Amino acid sequence: MRARIAVLALLGALVLMPYLWMVAASVKPVSEIFRASLSIWPEQFAAAENYGKVLTRVPVLHYIWNGIVVCGGILLFQLLFAVPAGYALAKLRFPGRGIAFGAVMLGLLVPPHVPALPLYVAASGLGLLDSYTALIAPFTISAFAIFLFRQFFSALPDDLLHAARLDGMGEWSIVWRVVLPNAWPAATAFAIFSVVSHWNDLFWPLIVVQGHEHATPALGVLYFRSEEAGDDFGAMMAAAVLMTLPLVLAFLLAQRRFVEGIATTGLKG
Amino acid sequence: MTLPAGIAYLLLLLLPTLATVLLAFTDYELGAPALGWIGLDNFREMLADRGFGVSVRNTVVYVGLVTPVSILGGLGLALLVEAGVKGRAFFRAVFFLPVVSLTVAMAAAWQYLLHPTIGPVNAALRAMGVGTPFWLSSSDTVLLSLAAIGVWESIGFNMVLFMAGLTAIPRELYAAAEVDGARGGFDRFRLVTWPLLGPTTLFVLTISMIRSLRVFDTVAVLTQGGPNKASEVLLFTMYQQGFTYLRLGYSAAITLVFLAVVLALMWVQTRVLDKRVHYA
Amino acid sequence: APRIGRAQAPVSITVHYAQPFIYKESYDAIAAAFAKREPNIQVEFVTTPNYEEGMQLILRQQAAGRMPDLTYQGFNRLRLFAERGIAQDLMPMLTAEGDPAALGYAPNLLALSHFGGFQAGLAFAASNPVCFYNADLVRRAGGDPDRMPTDWDGHIALSRRIEALGDGTEGMFYRWMGDDWMFSALLFGHGGRMLTEDERDIGFAGREGLESLRLIDRMVKEGGMPNLTTDAAQQAFAAGKLGMMYWTTAVLRGAIQQVGRNFELRTGPMPIIDAEKGRLPTGGAAGMLTAKDPAKREAAWRFLRFSTSPEGTALMARNTGYIPMNQIAIDDPRWLGEFYRDNPLYTTAVKQVPISIPWYAFPGANSVRVTQVIVDNTARIVEQRATPEQVLPEMAAEVRRLLPRRGT
Amino acid sequence: MAGITISGVVRQFGATPVLQGVSLTVEPGEFMALVGPSGCGKTTLMRIIAGIETADAGEIVIGNRTVTRLRPAERDIAMVFQSYALYPHLTVRENIAVPLAMRRLSTPERMPLLGRLLPGTRAKRAAIGEEVVRAAAPLGLAALLDRRPGQLSGGQRQRVALARAIIRRPAAFLMDEPLSNLDAALRVQTRREIVDIHRAAGVATLYVTHDQAEALTMADKVAVMMGGELLQVASPEAIYADPADLRVAGFIGSPRINTLAAEADAAGRVTVAGLPAGLRTEARGTLTLALRPEALRPAPAGLPAVLEHLEFLGDGLLLHARHAPDGAPLIARLEPEAREGLQPGAALRLGFAPGRALLFGADGRRVATRADAALVAA
Amino acid sequence: MAGITISGVVRQFGATPVLQGVSLTVEPGEFMALVGPSGCGKTTLMRIIAGIETADAGEIVIGNRTVTRLRPAERDIAMVFQSYALYPHLTVRENIAVPLAMRRLSTPERMPLLGRLLPGTRAKRAAIGEEVVRAAAPLGLAALLDRRPGQLSGGQRQRVALARAIIRRPAAFLMDEPLSNLDAALRVQTRREIVDIHRAAGVATLYVTHDQAEALTMADKVAVMMGGELLQVASPEAIYADPADLRVAGFIGSPRINTLAAEADAAGRVTVAGLPAGLRTEARGTLTLALRPEALRPAPAGLPAVLEHLEFLGDGLLLHARHAPDGAPLIARLEPEAREGLQPGAALRLGFAPGRALLFGADGRRVATRADAALVAA
């Protein structure tokens, strides 16, 4: 057991290196960030300057709020659409099931860049640019989510669903009352994934967002990036730390859910 | 049941994709006043395009590196973290951190870590008296470096998925395995964990392959496909053709080929493997 | 001061610019000053993180049928907008206000954004390549930071000496990747051209092109130039591990910050190749009018005019470090004299303005692809996988294929 | 009142036929026990009636609705699953309440938070809660209501599954070995519980069990299934005392019925190993004589046998012997007091009353008999 | 030869005590049945012996090794799980082979491909294969060897679990209701199978069952557990005929033993509802008189009762009545022929031999008796 901790600690340190650097850089003056010496601790503490720059130039809280609205909205709709679809693909026989599953696999492969232009034109045509709707709508359907839920739902015992049907549950009730509560770890895993990827997404927000009103956290980090003039590393890392923080907190919370899931669903009853 | 999902899928994914894919048979360019129907010319050009060939090769290499390492690594981490109670929550968070990272910020960190002269990786290598490669700027090592970053990014996510899969295994089976004489962790793993993780593994495999096939961010931020296309991968080529060179028609043609090939691959995979991992 | 009439009705315009991190302060300052003069014109800014996104934004918005009224784009992108009929000819509006030269729009400045046979934009901010050097390293290597060598032979020799200092110290880095800008600096330095005068064939396939590639080859072979990425080079420089770095003056502000007090940073002119015919390319941004509605078009034009007036361009230069793009602002010390006295590192680029010519933009649909071909082929030399003699014809052939076919 | 009628149900798993044209009628209010060897298709039949499994052919009628194509929820059936199928994430209380909540509360009323705010929900929920307690108490679950299934023993889980089924009054009950994991005392008590519920509600019930005592004491009728076919459907007494088929006779009754090779001569006189059995029949040739263990007892005359050992049963004694002529095993069930004087290894004779002997033809079908001359009377 | 000794085992789940200091010894070669009401802790005890669950206190010795801290694999036991715990991905054949493969093959030999190439693996595998067939055949699994557990019926799964346990000769067998899902015929047959294996191997066996016939016929000794405590450990005969505790008497025997409130006067004469019971005792005051159903029969004199109904059992008849003075239920087990002349609703008297009456004190412990004067002899 001691060996386990040692191995984990070693691997953990390796994995954390970029993070360590990021946090260290966020409290260093720019002139100290790139130095041949490998010191983590700054000689001159520039946290106030870097973080101050971020806080004054970028409405951080507003961006984070936008991030919460957008990621929350996306997640909600994704679950709303994907959980029943995943259930149907896993447990129901219906004509066209094979095709539907093929469609999901296809959707999984389509890079987000592909439908972007038509979506952009459509959003623009509907006058939805620079709105929460434009940020949320294109991601409400997630092939990944459907695929994930299908995969995890197939592991549920069929008799459980049969019992539910006999108890008078319709398929919708089964999905929300039986299937989802017993697939908590999978749902949590997905939620983490979804929130993380949309919190960090740059591609689509860059296309539809113009200005501060609806900007997402990742855009806040991008503010300090410049290919031509060289990035303002200190501020950029400070922004990255600030924007990543809510995610880390959210993960720590979700993790508790996750553990609970492990403890209560033995799925043997 | 699937109706709302179906409609959303149609409107938000399928139709726009089809619209884009139709462009594959045109010479459409972003901002160009008109577009012409050119049949299969784009595909012909692709066959002759050195960049496309290199890009396919690089993508295969990248996927071949990242997928197995991140799956085995993720599984290993999941087992290791879940093996004991002590530090479980802590390490779960640690290994998951890279997943929540922002590519732009992390790219900067990696640039520094892998810096040929002032970076700590090479400093360590130097201390060990080993050669110090130009990680991201040499065509020999650039794919390897990107793959390492790819593994770093996805290993935590695979770990979480495997953890979710582990929870679905009935504890009773471990008890049975112990009584049947499974002497150590490895026996238990072979007899119970691995086979019962089958569906999860298939899922993680599919997802990892797709995610690594779709590698884009790190390439775009760190190497721009260079040096001399040594790190050019399919999606980057597609993006570059479509958005940097504005040749949306050609870019769509690449997408189409990409989709066709990968779909065939996935189809075979699920056909063959799905049967073998679900024990009704 | 420019003559600016009063607009009758209040009008609001959308102005796009890229790189908010660099430009935000200057645009905000300009907008504030502008608002005093034109209280009826409301300016709203839209930004993109870089020029490439900026170009895409306009093209996408054009597809969707809604564009900003005014956009500031990278010089080398203007030709594309001109050829696609998105840019508008500004000359009529300019001449309507008087003699352009008298307003500070010198012919060489106007040339920077003259494409497709018309004035596609007005230059706003410009840069040219300079040599950044670490005076401490130069000194330690036995050189004199105040009297740097003026030609490449001298720089390469110095680089070698710096590298000999050991401890992972590198001598020089010529920033050849990203686009063809720095390659054209060598080519123009030899007096060469990218394409022939009539733009029907390659202009770099001859002696000047070969010498340019050989020079890069020598930097690697003799000068010990390492194979770094741009970012890595900049970081190594900031860390005091790189003697000389050749790049745009636009990064100067960032470099000063990154270097801090780590060592003494200096800038110097690019080494001279051909003292007579040698030229340097110009980078930077120009404002381009896209508004269709007459009232908005008029308002957008006024903002563009103000931003490129001596007052506006001086505000820009102060807040960014770019070269001001109004001859009056350059010549009249009233605007920037004090600033350059206090910030001598910024003057190098200004001194190079007389030999600066437009950044060449290739014609046709494949203009951006051509630049990538040049970068990729340069990489072969830097990685020492091919000789300049092998690379040049192949590069020429590849570029030729990408040029628009005759008659089309 | 609804009955269940199954006609011509066929089901194959791959190439294996499991049900080969099963037809069965459970009258309204009838309690039918379904017995048969392990793997004969009982669970499959149940699942087809419930609509969980589809039949390859055949029809199901419940009440006077043909439900063959209906979904399980529309068939109005309650079922106890052999594998319990409890909801792992719900407490015992919630598990039992599900069927009522699903039927009595409207969709908005079932919403987690919103539901509480609707007028009337609270009252309805309280009513359900009371019924849950009423259903759970007699099954000994009162103290376990707030546990999750994972924290219960096997028998406790089974009782929860039972409570969940009996809490409502469906058109038909299907119970698949609902008591197999209960101890004898609890089983008797629960058996009574089920019978009472059945009497009170008069709901047609199909009940799979391996416990013959269960089948015989609880059921109005017993259906014996083997190899995917129904062999006999009759009252418990008839199934036991008057089996129509040798396989039924062999399956019902514990210890197993004794069988001996017999012969009917041209006159129809039955002999066993050459000795007259005191029976006459219409059949001729090779036959099988079957005798329940309780029909045999040591007697001065009868089947010659060698005593092997005695087995104590608490309320009785089993005498294990071998038929001397052909070594066939013979078991007799005796009173505990009969033990004295019986020595393993000793030869003895086992007599029976001819009226209690059953005779089967070569095809296994029952053959009528009448007494000839008593071989030995008990 | 190894025995099992458990001393002072305590186990709580949260605040609920499940085992409260259980001590038990299974002698080498002994077959011990463990019975008790559902949820009393039998499975928990089994799991603690197997090492799957940990005890809060107490010690386990198998053979002469203290195994309290050893892993299950090191304890050398075989177990049949109440929930079967079959490997869903392995065929029946592979499931049964696991315990042998785990012990006989080295880790490299067990590798999927590599293993085949190692010398000797093939021979070892072939030997295991033969043993699997030998263990599976008598359980009726021969035709199912290549199925997966998901394609089996409940009883079939249980038999696979059993085959997996009995395929090797461990130091001890633990079986948790291994036959609960089998039909009567198969159960008798499998019971014999298990007893034979036990005789041949002489391995100490702890066997949980709810079937009293099983406990009484198979076991050398029966342990009765209730509320986390062992009440009595004794031979089947003693448990049945000579229970030390009223709870044991009530638990063992089906139908349940009849109990009547009794009184001992100052002279030690026992009366039931004022009538003398024909017994004397040392105890005084309130007592409980218990009578097995087979000890009661209609007689000219005896307990006054009212006949309620008759229940047909196949090999017997249950007479349900109520004790006239206090309405206590009385059950008598009669021969099937005794039916005639018994009418529900009629008054009758139920007599018993005083020697078969059991007397318990107010604390539930057994009280010695001697015959006084026969109330009524049967």
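Chains here go by letter, A, B, C, D and E, matching the order in which they are written, and residues are numbered from 1 within each.
Operating definition for what follows: a contact is a pair of C-beta atoms (placed from the backbone, for glycine too) under 8 Å apart; a residue touches a chain by one contact, two chains touch by 3 or more.
Because the structure is a prediction, the values reported are computed rather than measured.
Enquirer: So which chain is the furthest away from chain E, centre to centre on CA atoms?
Expert: C
Enquirer: For the chain pairs A-B and A-D, which is connected through the larger number of C-beta pairs in contact?
Expert: The greater number of contacts lies at A-B.
Enquirer: Express in whole angstrom the distance between the two chain centres, defined as the mean CA positions of chain A and chain E.
Expert: Whole-Å distance between the two chain centres: 56.
Enquirer: Could you tell me the distance, in whole angstrom, between the mean C-alpha positions of chain A and chain C?
Expert: 38
Enquirer: Check each residue of chain A and list the ones that touch at least two other chains.
Expert: If we look for residues of chain A contacting two or more partner chains, we find 33-36, 117, 222, 225, 231, 233, 265-268.
Enquirer: At which residue positions does chain B touch at least two other chains?
Expert: In chain B, residues 30, 108, 112, 117-118, 170, 172, 243 touch at least two other chains, as defined above.
Enquirer: Could you tell me which residues belong to chain D and also touch two or more other chains?
Expert: Residues 83, 152 of chain D touch two or more partner chains.
Enquirer: Kindly provide every pair of chains that touch.
Expert: The list of touching pairs comes to A-B, A-C, A-D, B-C, B-E, D-E.
Enquirer: Flag every residue of chain B that touches chain C in the complex, lowest number first.
Expert: 29-33, 108, 111-112, 115-118, 134, 136-139, 222-224, 226-229, 240, 243-247
Enquirer: If you look only at chain D, which of its residues touch chain A in the complex?
Expert: 47, 50-52, 71-73, 77-79, 81, 83-89, 98-99, 102-103, 110, 148-150, 152, 157, 164
Enquirer: For a test of understanding, state which residues of chain A touch chain D in their complex under the given definition.
Expert: 157, 159-160, 162-170, 173, 178, 181-182, 264-269
Enquirer: How about chain E: which of its residues touch chain D in the complex?
Expert: Residues in contact with chain D: 13, 35-39, 42-44, 82-83, 140, 151-156, 159, 177, 180-188, 210-213, 216-217, 236-237, 240-241, 250-256, 292-294, 311-316, 318, 333, 335-336.
Enquirer: Report the residues of chain C in contact with chain B in the complex, numbered from low to high.
Expert: Going through chain C, the ones touching chain B are 52, 56, 58-60, 62-63, 80-81, 84-86, 168, 170, 177-178, 226-229, 231-232, 235-236, 239, 241-242, 365-366, 368-369, 372, 375-377, 379-380, 382-383, 385.
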